[in-house]
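Labels A, B and C are assigned to the chains in the order they are written; within every chain, residues are numbered from 1.
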Amino acid sequence: MQGRLSPAKTTAADVVVTATLTLETRREGFSEITADLTRFLAEIEAGDGALLLYLRHTSASLVIQENADPDVRTDLTTALRRLAPADAGWVHDTEGADDMPAHVKTMLTGVSLHVPVTAGKLELGTWQGVYLAEHRAQPHRREVILQFIGGRKDAGRS
Amino acid sequence: MQGRLSPAKTTAADVVVTATLTLETRREGFSEITADLTRFLAEIEAGDGALLLYLRHTSASLVIQENADPDVRTDLTTALRRLAPADAGWVHDTEGADDMPAHVKTMLTGVSLHVPVTAGKLELGTWQGVYLAEHRAQPHRREVILQFIGGRKDAGRS
Amino acid sequence: MQGRLSPAKTTAADVVVTATLTLETRREGFSEITADLTRFLAEIEAGDGALLLYLRHTSASLVIQENADPDVRTDLTTALRRLAPADAGWVHDTEGADDMPAHVKTMLTGVSLHVPVTAGKLELGTWQGVYLAEHRAQPHRREVILQFIGGRKDAGRS
């Protein structure tokens, strides 16, 4: 399949700007963090570049998914429970029945991703939101490291 | 396990070059986009750096897989259908029986990845190709945002 | 959910430093490569930035997971075997019964990720390690391309 390429835009790769986003989850499920990312980009006056996200945990993950119908997130939670059931005879069970399934769910969905940024705005698709997926049953404090790589607003573009 | 490190090469991180690749899928399955990426890198005269890819959708994904035997892609499609069956009693079913399975497949395979670039060429392994995986049954228009971060061809290397 | 943002730190995006890490796996399972990454960052005198990792194979993958209890890796291997069983009637079987399951496991876990770096140190969470997951039964030589994007140690920070 041959695709169609738009004209390319070039920006100076001037800076890496890093901050930590701390979130308190309440239970298993998906929490949208898109607004937090938008706030970060505004505060640092980001121009064009890429936003890298990294989650510092092994029983929660980062997922880009539909942000229109909340039923989608319910079904995604169900899908993960079916793929990593609590009663599957895990060897590692000292931290509770929900711990090993949470590790499996994290392995399948990942803790590292990026989103392109144009003129300080996330280039998400129409139906996309960025989510922190909590896989443990109890509340947890979670840290996401945000890194913008690119140019500042109003920096030169050619 | 201790690994063996090659000597390091250093390039100036000069630019972020961004373009959008638009593709028309026909049906569920894997379409190779490696040639489109190679074309992009040639057009922008990329040197050393990394190519970041981002897909702006929630029912298709980006996958790096074997590009030798086409049977592999057939089996990958089968594997995803088994992991996210259409008849699994999803709550979200207003957009068709293939929609919620497509969201699950996207969550499991992802919409964000990168490939290293040396002297303008993708550092793919011998058997690797980059694929757009369409998870919906019907044709769709899909957008991939390409971002090269690094130096231009013939820029200084030390 | 609204999160709490730490103050942002800014570093010049000066360099892309690239090296290849070569590893010899013995059998199916997870091998920690965190120490190799730390060694790479020390050798190149990395400061602040991001470390991008890319695996040049289609039957092994890169996974960030718990490095405390080894039972977790045993269970992760079990989980992947259940999701991609050897006896599932794959079309592609010319390279052995463990080959197609290995491709499926690679698709589900991925070959591309990044970890943030501060003052030359990986910003892993307390329980996180970086693993090369071998999905084939026999020993293999595997190559991971490491790329540090950011500033050198003692380079300006504002």
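Assume contacts are C-beta pairs under 8 Å (C-beta built on N, C-alpha and C of every residue); 3 or more make two chains touch, one makes a residue touch a chain.
Every value quoted in this text rests on a predicted model; they were computed, and no experiment measured them.
Over half shared or under half: which fits the residue numbers at the contact of copies chain A and chain B, same or different?
different
Between 0 and 180 degrees, and as a multiple of 5, what angle does the rotation take that fits chain A onto chain C by Cα atoms?
120
Go ahead and note the Å separation of the Cα centroids belonging to chain A and chain B.
It comes to 17 Å between the two C-alpha centres.
If I count partner chains per residue in chain A, which residues reach a count of at least 2?
Correct list: 13, 83, 108, 110, 114, 149-150.
Quick check on the complex: what are the chain A residues that touch chain B?
1-13, 48-50, 63-66, 69, 71-72, 74-76, 78-79, 82-83, 108-110, 113-116, 118, 123-128, 149-151
Would you tell me which residues of chain B are touching chain A in their complex?
It is residues 13-25, 31-33, 35-36, 39-40, 43-44, 52, 54-58, 83-84, 88, 90-92, 94, 100, 103-104, 106-108, 110-112, 114, 132, 143-145, 147, 149-150 of chain B that touch chain A.
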